[in-house]
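See structure below.
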Amino acid sequence: MATLDSKIPSGPLADKWQKHKTEIKLVNPANKRKYEVIVVGAGLAGSSAAATLAELGYKVKNFVFHDSPRRAHSIAAQGGINAAKNYQNDGDSVHRLFYDTLKGGDYRAREANVHRLAEVSVNIIDQCAAQGVPFAREYGGLLANRSFGGAQVSRTFYARGQTGQQLLLGAYSALSRMVGQGGVELHPNSEMLDLVVVDGHAKGIIVRDLNTGAITRHSADAVILATGGYGNVFNLSTYARQSNATAIWRAYKRGACLANPCYTQIHPTCIPVSGDYQSKLTLMSESLRNDGRIWVPKKKEDAKKDPASIPEADRDYYLERIYPSFGNLAPRDVSSRAAMRMCDEGRGVGETGLGVYLDFSDAIKRLGEPAVRERYGNLFDIYHEITAENAYQTPMRIFPAVHYTMGGLWVDYNLMSNIPGLFVLGEANFSDHGANRLGASALMQGLADGYFVIPYTLGDYLAGQKPGARPKIDAAEFKQAEENVTAMTRRFLSNKGKEPVSHFHKRLGKIMWEHCGMARTKAGLEVALQKIPALREEFQASVKVPGSADTLNQSLEQAGRVADFIELGELLCRDALMREESCGGHFREEYQHPDGECKRDDEKFAHVAAWEYQGAGQTPLRNTEALNYEFTKMSVRSYK
Amino acid sequence: MVAPTAKKLFSVTLRIWRQAGPQQPGKFVDYPAANVSPDMSFLELLDVVNDGLTKDDGEPIAFAHDCREGICGTCSCTINGKPHGPGKGIATCQLYMRSFADGDTIVVEPFRARAFPLVKDLVTDRSAFDQVQQAGGFISVRTGAAPDANSIPVPKEDADLAMDAAACIGCGACVAACKNASAMLFVAAKVSHLGLMPQGQPERDKRVLAMVQMMDAAGFGNCTNQYECSAVCPKTITHDFIARMNRDYAVALFREKFKPASNASGGAG
Amino acid sequence: MNLLGSLFSSSIGRKFLMAATGLVLFGFVTGHLLGNLQIFLPPQKINAYGHMLESLGAGLWLIRLFLLACVLIHIWLAIQLTLENRAARPQDYGVAHINRATLASRLMARTSIVVLAFILFHLAHYTVRAGHPLWSEHTFTLADGYTKVRDIHAMMVEGFSNVAVSVFYIIAVGLLSYHLAHGIGSMLQTLGLKNEKWTRGLERFAVAYCWGYFLLNAAIPLAVLGGFVKLHA
């Protein structure tokens, strides 16, 4: 059984991080260059960590499966990044950002972690502005802000609709600088396929060069994973096609605990699926709900009709009907679930019946088309590009989609997993968002971890490791891990199957979405826990992976990733089944307030569930870490 | 307009460049594709064709892709001679099959440039762009050393213009479209983004000289001011940034040669 | 590396030299045209102008050498850059596709060859006066009544009276204008003398200039052939 010591420093909440920073061990500058650190992933967390650690003098090796670090999926984040700068003088403070984030997470995150996040948020903006990130400005040249969901202050910094891109390019430029100076050895097209644990410490990784197929061993004094979330377990999501959970899953299989996998966030306004071939769901900004009215036909038989031919009396503006006080601005999870209920009733619209209308005709009547165009023109354009429909004339069709996972590898306050020497940053860890993440918080967390947390906490671990004591790559553990990887590759390529990898990924996605999506039930999860192992068996027996191992082989890459998704999907359902409460991104139909809000059970579930691998075919162990709220009262999350 | 139901499916022929590796010879191979939905993205059609190839014991077509929403810059097909295919201001992943007609033959090739050596089929190695960045595409600021963000005001117009340049997704379409395989638009976008910000001034000269030097060393061609680059840029970045970089470069070159040198030593960067 | 070395070794440096020499040659052909247009004035104007140039002596040779250097640099760099550009795309596309590159920009190398041939012919024709031994003896007395100078007016009228020469001349200045149609904009872009706001205006200027340059140049042989400009008495 894993020991889960959160290592939260003692003392008043607001002083913990300061105090911790003065107390943790340091590595002297001359010794830093004797330590090698592996960073896997180059999104916001990975590239900021790699750059910063190299600036400190550590020898850093950065592995990224993309052809360039700049392509990591942080690039796609649109909205913005929160920071408690209080530049608007509207009453913001570190404490308020802390409180909003904790409450937004439905009181399932650690107080100390969230407070630290709020504290360093201000440094992030300073850092990024100094790097030349072209944040939106006011005419006086000072930084502009906008407001975002779950907050009553205006604290979101942004760069048009491409904030993630600009922050990532900032971190990438810092990384590039260190690569140019020789501080970071960059390994693009390199996928981590196993973690090497020596004497209980993470000391290396096994990597496949995606272009040549070469398998290499890399040893280090510490390993940092910043490999993002696992939302593609649902197949269709707003994630990039290649986003995967392989690094964290293989680490899990080496003993790292995976915490709260069931916390998945579903975004209500995405463009619906149009067919079987679909590979991706595109997010439409939630701001559309400010002026659009959401409806479905009252009668099932109208679902396929031209919306213009459905008279007002036959339309069901269900959000306005069910939630009269919030109407179309009902919270994300509530409106996502309501949309799904309408589709379950057979009233969903569009070719697939999985969609609801978001109608701007009233707004156009009220404000005029030019005003609507000015507010949402770019979104209407994206919608037109994808669907060829003109949303000024006919209502948009929207549907919810998976777009973030709050769960991830368990880490302590130092961002170290239960395997000493293995650190986990960004979306790949579970730490700061609890059961639900607020908008504009993901970028904040990724950069906080990489720029301002790991540079301190890594030293605390390394100070206890003898410089130059890292194992050689011919150690038995490396050999065993490499054999594990090559055996898996061999198995895939020699399998006499019939179906391509995508076939299984799609089926897994359907099971996950149907039984472990927006609304989960005991019965549904139990069905999923029957279906997924069966799918795994079938996958192993009949997946067909063409090509060879010694060249670029995208089928082989996908096969490994989907194999991991299938296993992770099962764990996700298991976690969802065991968590008999509703909170944030985990909604169990059995546990809800009469208004459809999440009904938490703080008596039984105010804890982190950290799953521990017990070997193939064994039921994993559910460890728990109690969440002790010393400074905040756990209350019912309500936005009324 | 109705949410179209029962869309008319159609057929096209994909004529795709197949090349097993950088040293092997390549050739075009035709792949008929039936039951194409106009709502399919072009890359989704490639997915479908690849699944078919897998089932029929063929080797799937290697193509680069990731976010499929036009921001990561991974996808990189030249379609009917045009990088990212028909359409303005989109990446390959944002191209939908409704842009084609029944019976079309669609010719798909990799981005072609000496500086982007071919890896396999439609996949090329664009790490030359990373090398250009590493040579100087940054503002040197150690983490933790930054002053308060509002202590450096940036005029809104400058920030907006910088953002226009910074929108570059590093896909390489500019290189692919240029008959000289020149990387001027890419480099100009980065140089201009940082050069327009007050934070970027101290290293402005050094940056443009270093980035251009690396660009030259990477084997890209020279600009002949034909603006094919900006015509295919998925972010419609203007070639006016190239003029800007030319100016910056000339000024930097002259200033560097005539600037008095200090005796100070050390200060490793 | 010294400044010149840097200019000659980098891509933008060489482009800059292309543009700078182009600017000089642009200035030269513009000046040359203005000089030639004096053919429409009484003969003593153009002959006095020619005499003024010839009397520069060593100065004239310096100018000529400078112009020659510009031409040579312009050509040398053009060849070098073009070879590099071809090498930068070792494998062509199966489908050729042009987005917006103008015909003028795509024909720069070809127009330049005709223009070069014309320059050589033109120099041989009027400067060396090959094939016209008598031209050296044409003299003209300026308005002061005693300065005898070369009779350029007569040389031009005689030269352009040959239809073949005139046709070649018109074609060559046409192609030179076409060369400039891309060259002017390209030069401004390369020198960075251009920004978002001027682009459109500069484009219009380039088009107007090229048409003006062509029409005014073509007017000279046409006027001779049409009998509007005759040998003076």
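When the chains are written out, they are named A, B and C in that same order, and each has its own residue count from 1.
Rule of thumb we're sticking to: a residue touches a chain if its C-beta (ideal position, glycine included) is under 8 Å from a C-beta of that chain, and two chains touch if they have at least 3 such contacts.
Remember, it's a predicted structure, so these values are computed and weren't measured experimentally.
Taken as a contact graph, with one node per protein chain and an edge wherever two chains touch, the assembly forms an open path, each chain linked only to its neighbours along a line. A simple rule picks the central chain: find each chain's mean C-alpha point, then take the one closest to the mean of all protein C-alpha atoms, which gives B. Between the CA-based centres of subunit B and subunit C the separation comes to 39 Å, rounded to the whole angstrom. Between subunit A and subunit B, the centres computed from C-alpha atoms are 26 Å apart. One inter-chain figure worth recording: subunit A and subunit C are separated by 64 Å, centre to centre, where each centre is the mean of the chain's CA atoms. Within subunit A, contacts with two or more other chains are made by no residue at all. Interface residues of subunit B, counted against subunit A in their complex, comprise 1-7, 20-21, 37-41, 43-45, 47-48, 50-51, 53-55, 57-60, 62, 64-69, 71-74, 90, 93-94, 96, 98, 119-120, 123, 125-127, 129-130, 133-150, 152-156, 159-160, 162-163, 166-167, 169-170, 193-194, 197, 199-200, 269.
Interface of subunit C with subunit B (complex): residues 2-3, 6-7, 10-16, 81, 84-85, 87-102, 105-106, 108, 182, 185-186, 188-196, 199.
Those residues of subunit B that touch subunit C in the shared complex are 15, 17, 28, 78, 80-82, 107, 109, 112-115, 177, 179-182, 212-213, 215-216, 219-228, 231-232, 238-240, 242-250, 253-254, 257. Residues 48, 51-52, 55, 66-73, 75-76, 85, 87, 123, 125-132, 134-143, 159-160, 162, 165-166, 169, 172-174, 176-177, 179-181, 186, 188, 211, 240-242, 274-275, 277-280, 282-283, 304, 306-308, 349-351, 385-390, 393-394, 397, 451-452, 455, 498-500, 502-503, 544, 546-547, 551-552, 554-555 of subunit A are the ones touching subunit B in the complex.
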